[in-house]
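Supplied in structure tokens, the structure appears directly below.
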């Protein structure tokens, strides 16, 4: 233990936790994002239904498998590429970033083309060829701990991704193989602070393999947040009893909403109200500032409207829109309205000023 | 699994969790009592120091061993009966109920004479002779899970105590033997809700065997509360580096206070202030009520002071004092003052009434 | 790992394995003694039947519990002292040394009065009070490994017995708790050579906890001998399906005989024949030698019979008998016959010599 | 457990163990073939040296990795295709069949082109894509058990290969993850008979992961044979201390020879002597038979030499040579000598007959 190697995955003294961003989701910044979805994409309708319900329930990311690591050769192996298209579509409709499992090196690029984050499952934690391939494609990677992997082996597996110059790795503790049939893959909650002390990588928990057959998801989700985990993976399905894969361990959509309430996550509707209020305030501040600028221009007799400046401003807004994954035309339309109103307010203010000047 | 026996430890449908009371401490009522103290009683001074600091930090019970289950025959086996006297003394000085481990059937009565609760350690979870003996002595029992015991075996061990008609059993999850050297006895947090579903007995957690050598006590204590545990066991020592037993895994007293703050437990000083405020309010309400009674008596010309009534009242207060573990002489002294002041206030009020009557 | 303590149980360089003798049975001398018997003594008839069948099958020791470590408080806890009397009786009838489990310190002397070797079960491996008590009573101890004890913890438990100046400890590997339900307490056969490298104590195996519900006893018994174990524990019962304890894992008596054949153990009958042949040869050699001595005496005119010499010889034989656990009266009776025949043969030889001398 | 599926890997009542043949090696016929070689092919010289020493020591197959499942991304990943060429060459020189690990689906055909048997390592036991690929290429597969896989999961992994209509699967028990640091991946010897009862597939053992740092290979190899395993995997290296991979757990070549002696495997030299004696006997029988045929032909006046018959015979011998992996030219050369000598012996015999007839 004394001469441990210095690895890229290890935390150097004084170094903060790496924040891994997947569009608007942040792992490692103190938040507790929830990744939810059915074990497998079954139909377009199923994944769209889950995606909309998950978004409404305040979930952060949509997670589902198109390629499944199925224990039996006679089980459901997933829809393959078709499933990726459905998942991408559901992500767009719901506005949620997406994550899906990759099973073989030859599929890494294909999966990466459709989703925002790749997932490497517990069975493949030491599939080193796959880890290398996943590291090279430029997408964040969620790396599950193998059911009998030590923390050191888990970090060494992460090192395979980091060694390809991809720092965007999130670790997932999902339970270790133990002797007790009642919690056979037992969530090792203490692994969360142990990893956080040893490594700068964020670590999330997945209670499903422990919780199977018990009502344990909610208490373990709460415990995970208290212990300092950087997120939560939850399996959910519109009709768990008839799921094609993973039946038994998935929450139905009502249970998902109850979990959201237990975690105190605002519903999407509440969030919209809050965002709307913020928007109104921002628009007001913008208007106020632009009126002030208008007045200064008027005093200095600078022309009120600069078409170059407006074009530049709209161009920047479009770039920003693309960067955060919003349609730039939509943003341009918004800004057209905003700029139009600004000009009218400026004019009204100046007219007011000049009439009052005249009044002096 | 289909034909599981119906055991006394099993939860029957609709039956609530058994609340186990140890003086003013409650296990199973939704609270999260903290049991703290050094692994072993070393000297009178040491255990008294810890007891006072623990009481100040809002700890609920004082825990320490006079008889130790020491892995090595050449290690410190505890002070024996002398240690029990020190522990009892420290408990009285600090006002904390006490708990101590019992190792052999022949010592059960002796230990029970000195402490409020018996502890059966993980090494002895299947020492069935000891379990039977512990069940017969009429004190609550804290039963640790063995490092490789299944939940079913653990409940069956509790059944040995329950079979002796002792229902006051609290279970303690303290981690199972696993393969990972970084958390070798790994706390199975999921065992808490599993046990709560299967059994009506309260269950607490002890993070120490998992946390050894890591700064894991605080996050695991928080996770335990979130998952719904009925209490927390913490090892603490004034100078952990020089402890005679269990060195390495014990918090020092400053760390204990930090843990209290993390858990949001009010310090004893804060609690005293709050209790004092409550006391003042209660005394005021009492005074007000007694003055009203005095006036009614005066109007009806009933004698103001009834020595019988006062004796009865003081007798009841003394009984109550004994019931909650407070010196009845102290309570009698308090009530003498209270009654004395009541009478004077009554008289003052009546004098005022009669003078105002005269004034009419 | 670098600064491991030097323990009495550890093997110092160049030190041979301690041979633990229980009457005529040797652990650690390269032999593979078999300890067999029912999990619990149920009736006198049952234990006598097993004892005689076991002796006939070449078993080395009779093993059964009078005090049982029963997982459930509602199960069969054994016959207690009555069981010890039955076991002792069966041991005497069959000529087999006996071993029985001890559960509490207060019973150690009682059990030791009835059997040749004490057994401390896996549940009590870290019942340190019991280990100390077992160490003081002067009988060899068979110490089972706990289901989640490391090899180091197991040796430290043995150290408790050795620390009481009792070197006669035999270790028993019986499987560790693992995740696979098909071999849940999994025999760790590699522990045998590991212990033999670390310690000078003999180590035997008990396949029963691994073998439950499978036909695994025979292959594991063979593997144990090949890996170098110093003996084998086997549970056997005349009617396993109706056993009061441990039903399911016990061989019936026919299976015990098959095991003996697989191990190549000569049956008792074969062994008797062999011993008888050896006895005849030894008696013949003795007779020949004594006749020669008689002739020399006759030539030198020394008196033929020395009562002092005969008394001394018989005294020594009685001492030897006691040392190997045989009734000295029986041995004296044998030697009376032998000496009587010797004298007659001497006389016949001398008469023959003198008549032939006369004939010269 | 009651409604277990009927799988291709399961043993149906009365069905014998599948014998998997790799050239002249048989798994499942009661023999105990030894697969030996260095963890990784390092240079042509290294693998040739090991191959010749292994062949001389009576080893059955040459095993080494060209593609390595290396825990660290900074470790030695093997020589790749170059290593396969060296391994194939060493196999031909030594006459040993070869086996090598395959890590990814895209390499299955390449590896299969160079070796006689594919190996799927413990890290990849649930790499289902790889298992399917390995099943389709028409070569026997050695499938290691994952360090925390149950027997049922292991058989389900084998089922992936069997489902591709490849019955030639050999299972390899190599130890499970446990808590004891002294034997951390602990060989579960009882899994051998458990698998043999559940499945018709042969099962071999690999003691190396258990034996690391201890002198345990020899006792475990012996135990494996006694428990009924169908073969043994041994890691061996000319200079284990300087191995590029797996240093610490490999036997040097002298230790390999000692293991062979412990197992009672005849050395190659002994085997050659024995084969030579057999050869001489067979040649003599052949000669005798051919002389008899010659005499009959002579009597019936059939022509002595049939060029068609000789060509056919040599053609068959060449086919047989190819089938068992021997150079057909070498066999043709041998038969040319044999046939030539046969004819001369026939002629000599007939001449003798006719001269003796004349003598009549």
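As written, the chain order gives the labels A, B, C and D, with residue 1 at the start of each chain.
In this section, contacts are C-beta pairs under 8 Å (C-beta built on N, C-alpha and C of every residue); 3 or more make two chains touch, one makes a residue touch a chain.
Note that the structure is predicted; figures quoted are calculated from it, not measured.
Trainee: Going only through chains that touch each other, what is the minimum step count from chain B to chain C?
Mentor: Minimal hop count between chain B and chain C: 1.
Trainee: Hey, which chain ends up farthest from chain C, C-alpha centres compared?
Mentor: It is A.
Trainee: Round to the nearest whole Å and give the separation of the Cα centres of chain C and chain D.
Mentor: The separation of the two C-alpha centroids amounts to 44 Å.
Trainee: Between chain A and chain D, what's the gap in Å when you average each chain's C-alpha atoms?
Mentor: Each chain reduced to its C-alpha mean, chain A and chain D end up 52 Å apart.
Trainee: Can you check how far apart chain B and chain D are, centre to centre, with Cα atoms defining each centre and the answer in Å?
Mentor: The mean C-alpha positions of chain B and chain D differ by 68 Å.
Trainee: Which residues belonging to chain D are in contact with no fewer than two other chains?
Mentor: 148, 176-179, 181
Trainee: Using the touch rule from the top, collect the residues of chain C that touch chain B in their complex.
Mentor: Answer in residue numbers: 5, 69-74, 103-106, 123-124, 126-130, 132, 146-148, 153, 156, 159-160, 163, 176-177.
Trainee: Please give the residue numbers of chain C that touch chain A in the complex, ascending.
Mentor: Touch residues, chain C against chain A: 177-179, 181, 184.
Trainee: Taking the touch rule as given, give the residues of chain C at its contact with chain D in the complex, in rising order.
Mentor: Touch residues, chain C against chain D: 148, 150-152, 176, 178-183, 186-194, 197, 207, 210-211, 214-216, 219-220, 222-228.
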